[in-house]
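As written, the chain order gives the labels A, B, C and D, with residue 1 at the start of each chain.
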Amino acid sequence: MRTPAIILNFKTYAQVDGDGALALARICEEVQRETGASIIICPPMVELSRIAHEVNTPVFAQNVDLWESSARTGHTTLSSVKAAGASGILINHSENRRRMADIEALITACRKEGLTSIVCTNNISASRAAAAMGPDLVAMEPPELIGGDISVTTVNPGIVRDTVKAVEAITSDVRVLTGAGVKNAEDIRVALELGTVGVLLASGVVKAEDPRGVLRKMTEGLVR
Amino acid sequence: MRTPAIILNFKTYAQVDGDGALALARICEEVQRETGASIIICPPMVELSRIAHEVNTPVFAQNVDLWESSARTGHTTLSSVKAAGASGILINHSENRRRMADIEALITACRKEGLTSIVCTNNISASRAAAAMGPDLVAMEPPELIGGDISVTTVNPGIVRDTVKAVEAITSDVRVLTGAGVKNAEDIRVALELGTVGVLLASGVVKAEDPRGVLRKMTEGLVR
Amino acid sequence: MRTPAIILNFKTYAQVDGDGALALARICEEVQRETGASIIICPPMVELSRIAHEVNTPVFAQNVDLWESSARTGHTTLSSVKAAGASGILINHSENRRRMADIEALITACRKEGLTSIVCTNNISASRAAAAMGPDLVAMEPPELIGGDISVTTVNPGIVRDTVKAVEAITSDVRVLTGAGVKNAEDIRVALELGTVGVLLASGVVKAEDPRGVLRKMTEGLVR
Amino acid sequence: MRTPAIILNFKTYAQVDGDGALALARICEEVQRETGASIIICPPMVELSRIAHEVNTPVFAQNVDLWESSARTGHTTLSSVKAAGASGILINHSENRRRMADIEALITACRKEGLTSIVCTNNISASRAAAAMGPDLVAMEPPELIGGDISVTTVNPGIVRDTVKAVEAITSDVRVLTGAGVKNAEDIRVALELGTVGVLLASGVVKAEDPRGVLRKMTEGLVR
């Protein structure tokens, strides 16, 4: 994963049902091409393969249920998202908290399969735990700020800096992302300044009236 | 949903990772065109939109988590599968048992959205309960026979007949499907004879060495 | 279970931690003795055996996880609650929704073990489904009224009457309880008038300043 | 928690339904009194308060669902187990895996409430993660040996030693327990030699024909 990066979680907003997901993915692809920014997209689960086939932008899965293929119905396996064209996965998003044992198994499976693993966490202690299992990245998101209008970099820059330090104290192999409330280029600029290598965001772009304009502006924050 | 029908659950077998799913979907489309049989396919979640866009065969989702769009990560909404091109959903498969309250909400949402709902059950009592909530179809599958080599129509035809009667006693609006161990045309022929309107199957086709040959042969059982 | 009855769910309110649960259970026992009313209590899980041994009032479990004994940790088995002295169980409370397959297995296990089963539901369709599985009782509670200050008997008496009719249309063996917002004798009187055989309540007594007084008054509504 | 210690998980075996739990708890109390050994018992959830009131031995809860009191049904709160007399909790047992965010919240709540927290794990990586969240103890149990006849100290003493080292590398504040297959005094002696401060066991005592004899013998292994 090329950093600094913007990871855009499409979530399951009505805006990205069906062709809406493809349209937004194309916007991301264009902004990436025009600006050179590293933009990673996480489309709705059922659109994953279609988008990975139609758009030339790194695609991550919003979730993976199982690390092994098997007779299961309605769940998503690591091999199915890899075969669909994903190059990484979000693990343990605040809206999809996972068992610690499953997080560990998924991280291990990602490493084996060459997929990038991002583990979301809600505080410094959980970030330490996530880092101790060796994912590629930890994305710390204070739950009370997720989906909100004010960025964690404004409300509590100290917690971002402390998370970076806490993770570094566990291992030098895991990088940190900033999440929760990130809305503009300045939020991203501060996020990088605080020692994180990118941002995880959703509503700020997905629900924007002009996603292309918003995203384009945001990429200016990626220039250190 | 045109009946009698074969509903083919792709599950998450390694055979249907990535392009494997599309290849099998194309086989189903061809057999359907050649034989006129009603074949419905349930691809892996991440392949759903791609397959619905590329293949001209009714597609059902293996699962739906949520009946309303919202800020959720890694879950699948009813509107996202509908927008992706699905025309129905499997609910409560034995490998994805759901809460009764969620089954009820999903059935209601399917009715409103014009999607076909199939509720899987494990015995007569649960089939009665499912029928009482008014889905389009109930698929009764004795758990001990799922994924096995002998069809429920051979092992216990009485339970299929009794399920049909039990569902009819609750309502005349819900039809019944036969599932578990269905492997060939004769199994399907008996399933229809016992009063069900089709079969739900998976491994018999998905893991077959010659899925096209197996499926083609099976369609002969659909002729009453 | 002797009807008409008041089923008092202690939930996990701070008021019934430790000795608080025993104190409230003793109040219920006394009111029962003084008034002759049928009062059933559902203490916090960890207090179940202690209360069943110390108080002479029917005790129901708030939940049961497993219908068979086995090597499991932190779950509750049907045989453990029966051996502890419980004579029935609440199944599928709105705060503990269960899978339909598990509800069915629990009802069947209760019947076999001679325990009374109460299945909670949220609307008429789910009540029909619950009834179709043959529990002893169905307790219909509109979710938006649970824990509130206005009784379902006031807000929507029609839904209570319709639930009774809907359950009767499925089977004559299952009785109905009224739940959600029940607060006083008049609520109970109306609940019985509408064809239900008792009420399921919690906060109205557990969080009351004078639980004894409130409960005593309520029993007046049980006299038809 | 006084160490070295034997933590006896009663699980939900039929042997400890009802009075069986109290009988075994009394045996543990007697062996503790006779030998001076530190023995901690984890009774079935519904027997917790009764046993804590009747037996003079430290009692831990097999599980806690919630760290705050609230309107919940059938779940177990931290304050309810504390008020019932428990002095610690098992978290994340292999038969009750928990979300990482919940493990973190429970550890924090235990620290605040003065309860001892033991987090179970399945391998070295998960043990590091658990340690990073600062519980009192980590109990590493290779899943394939749980409930079996051969102790981890025999099959794979190296993994026990490596777990101790891995946890020490994260923090010096967290101690390690040995679990899985522990059956006799020699297993315990080796467990202590490998740097752990006690053992977590279940079937070896609970399902023994002579639990008192087995437990008594085991305590000999606690003498360093």
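Heads up, the rule we're going with is that a contact is a pair of C-beta atoms (placed from the backbone, for glycine too) under 8 Å apart; a residue touches a chain by one contact, two chains touch by 3 or more.
Note that the structure is a prediction, hence the values are computed from the model and not measured.
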Farthest chain relative to chain B (centres taken as mean CA coordinates): D
Same or different residue numbers at the chain B/chain C copy interface, by half rule: same
CA centroid of chain A to CA centroid of chain C, Å: 44
Centre-to-centre distance between chain C and chain B (centres being mean Cα positions), rounded to whole Å: 37
Approximate Å spacing (C-alpha centroids) for the pair chain C, chain D: 34
Residue numbers of chain A (touch at least two other chains): 94
Complex contacts: residues of chain B adjacent to chain C: 92, 97-104, 107-108, 121-123, 125-126, 128-134, 170
Residues of chain C touching chain D in the complex: 9, 11-14, 16-21, 42, 44-50, 53, 61-63, 66, 69-77, 79-86, 90, 93-96, 147, 202-203
